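These are the structures in question, set out in turn.
Paired with chain B in one complex and with chain C in the other, chain A is shared by the two complexes that follow.
For the complex of A and B:
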């Protein structure tokens, strides 16, 4: 069973590149966030609602990961900010090397915020550091409140939980109080936002969270 | 980059065990299906609605995979049929060895149907043969109709697509005609059922599908 040592080797190579990326974000005063969720929880919709709220000239860029298609980058490039697709061709997560390559022809001097939308997968992306300042986990209320218990790693590692699609609460059996309890049983003190990209609920708080988190990065520089 | 040969080795070891399982299911005239979806698409709810419809004495058993918790096996054992949890402890998919071990203390002579509920993940489980007669992919209408294009592997490999939670169609932006077109662009001739575990829509057709598929296994014996 030589599998575990090899996984360790792959991960430590990833960590080396992630450390280089983290140093580079730090030098340039960039907040990098890595958004992780199941397929279809609403990551791209949240980014659409986010980018449309940013004034022209906001120094933001988006990398978006998928197994196949560049649908998401096409959806996101409509807002006039740099958006690039990373198509993994089968790999179930983004890794630091793919991020580093995607960033190679962008000037980091022109950015304050880099948002990475990971491949839709609640498991594997949690193991791959992309040099981000914060992981953010998104859970749609259509998915059931037990997910923090079933997929604890990503909830333990994420600073923020976005409970998305709260407009569907009247139609789905989702106990939001229990979801919050489960998340905080895995990660005490975890920040939690309730959001609907359909009604706009919670989007102001999300933008404020990004601003606050961005200031922490700059003041830390 | 010795990663690809190692993955191949792990997969071929898996294939060897899966072939042994397949032979064993064949000998015992068991239909084995492997249900795969994102977290929270409704696999366990479908199995609850399925088991409650089976008459006492139906020769069915369920294996259910999760990273953590035995919630699903507890939910499913209420119906009086054998149900066992496989907790992977971090691994993002079930593999044939875990299935073989879980089956070791069950008598296959007493079964006609074995339902495997995989770990919630639309990517990795598609690479691991569990000896099943058929993979079944489930997609909830809350997840968006573009998923067959973004995660083509599992749609290419599955005999049946279950479009679940169709009761939510009035509340979510999901084009079901387009979802069917996308699925069949990846897998022409794929069977598709529209199901709601809340209203019961499509459950009769699902049970009929299982019966028809079971007969094919028996007549093939």
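For the complex of A and C:
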């Protein structure tokens, strides 16, 4: 019996395509963010509130992943910016190849910001690099505040935590202080924004975060 | 549950590597799974067995090495293994440590017989 060392990534094919995408975003000065949450946390609502705030002519596009239906892309295309659905047909996450294919007929020259809304799932999307500059995890106060402890992988890998639906705090037993502590126990120093897509609370800070992050991308170009 | 597609990627790599060793029979593949990889070892083993059964690679064993999370303390410049979810630096107790490992999803080795 012989043992042959391999030292290769299991997802080397995905990682190869993700590296190609990252290089391409870098060349075009595009900030790409990958938003990940459970189903129903409010990813699409956040994108609606985000796109409606952008002035006409803002160089932004959205890719949205779901197992079935193009409902989200239809919701998001009302704002006049490019929005495309990636329907995975059963797969619980987006991968780099699907993103690359979806981008094939868009001109990256016309973009400064690409927002990817992943399939609603806190586990599987954490394993797949899409070439993004930052993963963003969203948790709504209608869920459990211990989600960072239950799903440490995605909280450890995400640059920013968005706590959504904070307008519901008076009506739910969610301990937001504890949620913040849990998140930072998994990811020390994690950036956290408290947001309500219903009242608009925190949306200015979210747009500022995108602007700050976008500047970081263009300055290291 | 994406372990089935991860298992499929492992089998693809085994086939690719096996082509480099004509005549050899691959009996085992070793993988390293980090605590933050997002992959559940038990589900991976289950998916792997299901895919191998009846395939050209049967019988093929899977050995999983679980790799713990590591953090780095920027103040002390040391990297340490995380035990019991405690991310504080063991030397200076600084809580603001940085992720330094545990995301592995690697193919480690193949065992072959001639």
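Following the convention adopted for this analysis, the second predicted complex is superposed on the first by the 211 of 221 C-alpha atoms of A that agree within 3 Å, B and C clash if a C-alpha of one lies under 4 Å from a C-alpha of the other, contacts with A are read in each partner's own complex, and residues count from 1 in each chain.
Here, a contact is a pair of C-beta atoms (placed from the backbone, for glycine too) under 8 Å apart; a residue touches a chain by one contact, two chains touch by 3 or more.
Model, not experiment: these values are computed from the prediction.
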item: Which superposed partner A:147 touches (first chain B, second chain C, both, neither); value: first
item: Contacts of A:124 with chain B and chain C, given as first, second, both or neither; value: both
item: First, second, both or neither for A:171, with chain B first and chain C second; value: first
item: First (chain B), second (chain C), both or neither touched by A:24; value: neither
item: Touching partner for A:69 - first (chain B), second (chain C), both, neither; value: first
item: Partner chain(s) touched by A:77 [first = chain B, second = chain C, both, neither]; value: neither
item: First (chain B), second (chain C), both or neither touched by A:201; value: neither
item: Touching partner for A:58 - first (chain B), second (chain C), both, neither; value: neither
item: Which of chain B and chain C A:185 touches, first, second, both or neither; value: second
item: Where chain A meets both chain C and chain B, residue numbers; value: 2-3, 6, 10, 92, 123-124, 149, 152-153
item: Of all residues in chain C, those that touch chain A in their complex; value: 1-2, 5-6, 9-10, 12-13, 17, 21, 24, 27, 31, 35-39, 69, 85, 87, 95-99, 102-103, 105-114
item: Contacting residues of chain A [partner chain C, same complex]; value: 1-14, 91-93, 123-127, 149, 152-154, 156-157, 185-189
item: Of all residues in chain B, those that touch chain A in their complex; value: 2-3, 6, 10, 38-41, 66-69, 71, 90, 92, 119-124, 140, 142-144, 146-147, 149-153, 165, 167-168, 171-172
